[in-house]
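Below is a structure I'd like to ask you about.
Note that the chains are named A, B, C, D, E and F in the order they appear, and that numbering of residues resets to 1 at the start of each chain.
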Amino acid sequence: MIETVTRKRIEILADKALQRRVTDAIDRIGITGWTIVPVTSGKGREGVWREESVMGTDKVLVLTIAAEDKAMALAEELAPMLTHLGFVLSMWDVQVIRGERF
Amino acid sequence: MIETVTRKRIEILADKALQRRVTDAIDRIGITGWTIVPVTSGKGREGVWREESVMGTDKVLVLTIAAEDKAMALAEELAPMLTHLGFVLSMWDVQVIRGERF
Amino acid sequence: MIETVTRKRIEILADKALQRRVTDAIDRIGITGWTIVPVTSGKGREGVWREESVMGTDKVLVLTIAAEDKAMALAEELAPMLTHLGFVLSMWDVQVIRGERF
Amino acid sequence: MFETAIQTFTSPVVLFFVLGLFAAFARSDLAIPEPIAKAMSLYLMAAIGLKGGVAVSKSGVDVTVVSALGAGIAAGFILPFFAYGVLKTFGKLDRINSGAVAAHYGSISVVTFVTAVEILTGQSREPGGYMVAVMAAMEAPAILSGLLLARGMGSKAGTQSTGEMLHEVFTNSSIMLLLGAFVIGMVGGEVGFAPVSPFFEAGFKGVLCIFLLDMGLIAMRRIMESRSITWRLGAIAIFLPIVNGAVGTTLGVVIGLDAGSAAALGVLCASASYIAVPAAMRLALPDADPGIYLTMSLSITFPFNVLINIGLISALAASLTGANGAMQ
Amino acid sequence: MFETAIQTFTSPVVLFFVLGLFAAFARSDLAIPEPIAKAMSLYLMAAIGLKGGVAVSKSGVDVTVVSALGAGIAAGFILPFFAYGVLKTFGKLDRINSGAVAAHYGSISVVTFVTAVEILTGQSREPGGYMVAVMAAMEAPAILSGLLLARGMGSKAGTQSTGEMLHEVFTNSSIMLLLGAFVIGMVGGEVGFAPVSPFFEAGFKGVLCIFLLDMGLIAMRRIMESRSITWRLGAIAIFLPIVNGAVGTTLGVVIGLDAGSAAALGVLCASASYIAVPAAMRLALPDADPGIYLTMSLSITFPFNVLINIGLISALAASLTGANGAMQ
Amino acid sequence: MFETAIQTFTSPVVLFFVLGLFAAFARSDLAIPEPIAKAMSLYLMAAIGLKGGVAVSKSGVDVTVVSALGAGIAAGFILPFFAYGVLKTFGKLDRINSGAVAAHYGSISVVTFVTAVEILTGQSREPGGYMVAVMAAMEAPAILSGLLLARGMGSKAGTQSTGEMLHEVFTNSSIMLLLGAFVIGMVGGEVGFAPVSPFFEAGFKGVLCIFLLDMGLIAMRRIMESRSITWRLGAIAIFLPIVNGAVGTTLGVVIGLDAGSAAALGVLCASASYIAVPAAMRLALPDADPGIYLTMSLSITFPFNVLINIGLISALAASLTGANGAMQ
């Protein structure tokens, strides 16, 4: 049977305009990659938002897979932005194949 | 090290036309927010579908993060729609920062 | 309280042009369905990519929910493509309602 | 008849539709991006609404217009009952799906209408501008009849109230845009329309080509993957447009419309909605199967109307009004 | 005045905006797909830039042009200080939000300008082509003033350097496209423009209709869901365009512009940005609340300007320059 | 030569391309939404196909047309072998990547062709309408040669059968649309084309401007982020279009084409595909690196052709046919 290893999957909901702050943090910590998933609307404590690219209210979901230590370092690095800029971060354990890649 | 707490992440695949039924249920139960992720096609027991916005066959993924009790209440609330309208629901434990927010 | 069962959720990041190779594998193994989530850009060992549909550099996220044995069979089936074509696969346990469906 | 067919099949609008059917059949990956398809449908609604409004602002509202409107609305209410009977008995559909499909056939397809106007105009039988108003008026009534049929007398708990339902029908995006643009056309008149006419008029047929290309792709893909269409339903999807088309055309001639306008009324009756009504059904009858109503209306009736039935209806209108054949 | 109002409300451009407001108010699901809305805004920028560039390539740069540019740039720098004061004291906003909103009101709205040009042209008061250059020049200065005000003297750690900020302002997609197209128009001149004019000129007003339909939808939805707008902020969103419009128009007349161009300068001062400045603020002042600045500029000031204030400004310009009322 | 360069650089089409290159270089966030870019490429295919079909329906098929088609197809088959040799030896690429890149250079770029037609027409050297047919015929042959080269004799297990491969080449969305529209143009002729010409003809150059703006953005971003392009590959991406362009132009003159058509054949040989062939390669050679073939064809060869090589080829064609310089 194929061998899998456990890694952390982290997803961060962030303003598209500030996406680079998140991906730069990922790069800085030395995680191998990330992928952007579009989102179109949502609701939070500050009310409803909708993707309106003309006005630049868009958000994105940044997803990245990393070893536990790097994942925690990323969470640490992003924590101020979470409070400050209204980002949402969640992470959980996943099994991956070719673990040396992440 | 930064402190994380455990919450449930719930994702519901629903018809875009009926998205409000899902988000209304989330609001009713008192979960703080939700986010919509677009999806473009799929296959299930009823065959293949494709996003065709002219004809209104689109679906969306509603994602919401909540404490376990509210998550279960939401699942309970949505259960009839799942069977009835062909929605798909999955949920799992995630770690979040600033748990008081969810 | 509503009853849930545990299933595997598998997400595969693949080139859109090669999406059918993944969904054909899912069908072959007898998993009941799949759903396509769009992605817009990313970074990996081979650098940055962006969704450029004119040139066909798009990728997609194929998501499927299945019982553990079928999930492992799928991972096995896709393993060569992962290495070969730069796909990314992760999977984890989720709770679903109406488990007989998956 | 033969000349009509030739004309139909050398029109770029129809040829692009055929290209779409062919490309999907050959399993090409040709596809129009979703937001573009949606935008084209909005553009076509806005353009046709504007044009109709301007036409009515010029012609005014006379007896012919009022009787055409009355005939259209009546047909919209009544035709679903006939369709429902056929679907339930011969088609073997359950009540909910019969009602949903009946609503589609009682309502109208804007694109079929527009294509018919193209073809009729090419035969020197341009329908009156007020027929756009008739079309707009025919969108909603069948939805109400269809829902009545689908829900029966004792409507279940959990379903919408009639108020909600009416709200959804009239705020449906395509109905809202069509009627809104119609009013704008009437208020602005020809003078107001002039500066926007290069966009809404000159571009119209080109956009229609690309939209029909997409509809051809979608219609063919849908039928190739369909699991829910029996031969009985396929037969009904051909039978209803023939009967409804003949009924509508005759009705038009009886109330005194010219050949072109009577044919247009026939096409409206023959056509089945695949934009406004499906959207309404997703909300009002989520249990009905889109795999049935969309496949019947878009994949069978729509191509049948565009490629064959418009020609038949035009010929019928000509013979009933005593006008001689095409291209006099 | 009355005739002006009639004219405004029979223009399809304005009527589509009203349709958007109405449809959103009626909770219709009408929506323009996102990529289309974005593409239309890019199209409008490119078209208006090209047109302005071609106009300047024809007219050349004379004293009037230079003084109009100077007046516009000065207004862009100065108006935010006034707005900031009002927002901070009467509006009760904090420093960051006051600065962010002030930047919006000091900068300009391309679509308001374009709509004003439509309306003024309909009144035989077409502004000079160089006013597009003035508009382009007025986009950025207010952003700098607003950031200065928002950040105060001791700018916090973690915020951008001035260099980064300037880079972001000038590479902002709408400013880049507007200026780029302006230069292309100047380089290519009328001869270069001719082959692309069917696309950029003939289609312009139609695209503007659909874009305004969308802005109407978004503006109304935004205000219906807004949680951050107090009556004080609502009042400011009406008060500022009136004052700034009057100031700008007077300034235009003082420096010797014709009635149309002075009115255009007034509209530029009165208008509040909702494309370029919000984009810049998301990056430079991510703590500021878009629920405040977008709702004020797009949902209150923009409709007020389009439906009422352009008419007022035009009348003011006419009376100040001694030209008689509309439609001489 | 000098006048040609001036002309090239005052054409809005070229200037928008330069604006795209510049904006990406300045790290602006300017971007055309994805579905719009895709739709524009489909529009350009449909428009050029239609136009070519109408042209051939008028001119008919004579000896010139047949020999141009023959020359084009032969070039499409043969040029990849030369390119493969250069890429494998001088370029140091492996077999698979050499084959993939060779396919791109043997096939054609529709947008380069269209831009060349713009420029040549501006020099009163409009190529014959049948050159569109030649272009369409040249899309596929090089894909076959390239795959043959990449896979060598013993094609591996797991790869596609030849049947599948041919199916994918001919159902490729751009080839399908180009050929389909060509046939529609031929069937409909000028009469059929007239009603859709405002959309497909009047709007053409404007759409081309925006499409080239986007290609400029993408080309520059791609090369700035590229990791796989060595100086050797960069040199080849300039060398191949020069050689292929000269070969193609000479071939055109030899078989008796006029200066414009010979130059067009040269441009077709010089151009490298970045729409149809990459799509085919993703499927047929998924192991080949798009970071190599797309960066070479789109980021180096395409700008080189548009900004410089079209001018060179036009001058060569003029001197070979004895026509004097530009703008006689």
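Rule of thumb we're sticking to: a residue touches a chain if its C-beta (ideal position, glycine included) is under 8 Å from a C-beta of that chain, and two chains touch if they have at least 3 such contacts.
Note that this is a predicted model, so its numbers are computed, not measured.
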Where the contacts of subunit A and subunit D overlap, which chains show up? B, E
Tell me the fewest steps from subunit A to subunit F, where a step is a jump to a chain it touches. 2
If more than half of the interface residue numbers appear on both sides, call it same; otherwise different. Which is it for subunit D and subunit E? different
Contact-pair count is greater, between A-B and B-D, for A-B
Please indicate which chain is farthest from subunit E, where distance is taken between mean Cα coordinates of the chains. C
Greatest Cα-centroid separation from subunit D: which chain? A
When the C-alpha atoms of subunit A and subunit E are each averaged to a single point, how far apart are the two points in Å? 35
Cα centre of subunit A to Cα centre of subunit C, whole Å, reads 19
Among the residues of subunit A, which are close enough to touch at least two other chains? 37-38, 40, 53, 92
Per-residue overlap in subunit E, given as positions that touch at least 2 other chains: 33-36, 38, 198, 202-203, 279
Determine the shape of the graph in which chains are vertices and touching pairs are edges (line, ring, star, complete, other). other
Touching pairs - complete list by chain label: A-B, A-C, A-E, B-C, B-D, C-F, D-E, D-F, E-F
Interface residues, subunit C side, partner subunit B - complex: 1-2, 4, 7, 9, 23, 27, 32-38, 60, 65, 92-98, 101
For the complex, which residues does subunit B have touching subunit D? 15, 17-18, 40, 46-48, 50-57, 84-85
Taking the touch rule as given, give the residues of subunit D at its contact with subunit B in the complex, in rising order. 34-35, 37-38, 41, 218, 221, 225-227, 274-275, 278-279, 282-283, 286-287, 289-291, 294, 298
Over in the complex, which subunit E residues touch subunit D? Could you list them? 9-13, 15-16, 19, 22-23, 26-36, 118, 198, 202-207, 209-210, 213
Using the touch definition up top, name the residues of subunit E that touch subunit F in the complex. 33-36, 38-39, 42-43, 46, 50, 167, 170-173, 176-177, 180-181, 183-184, 187-189, 192-193, 195-196, 198-200, 202-203, 279
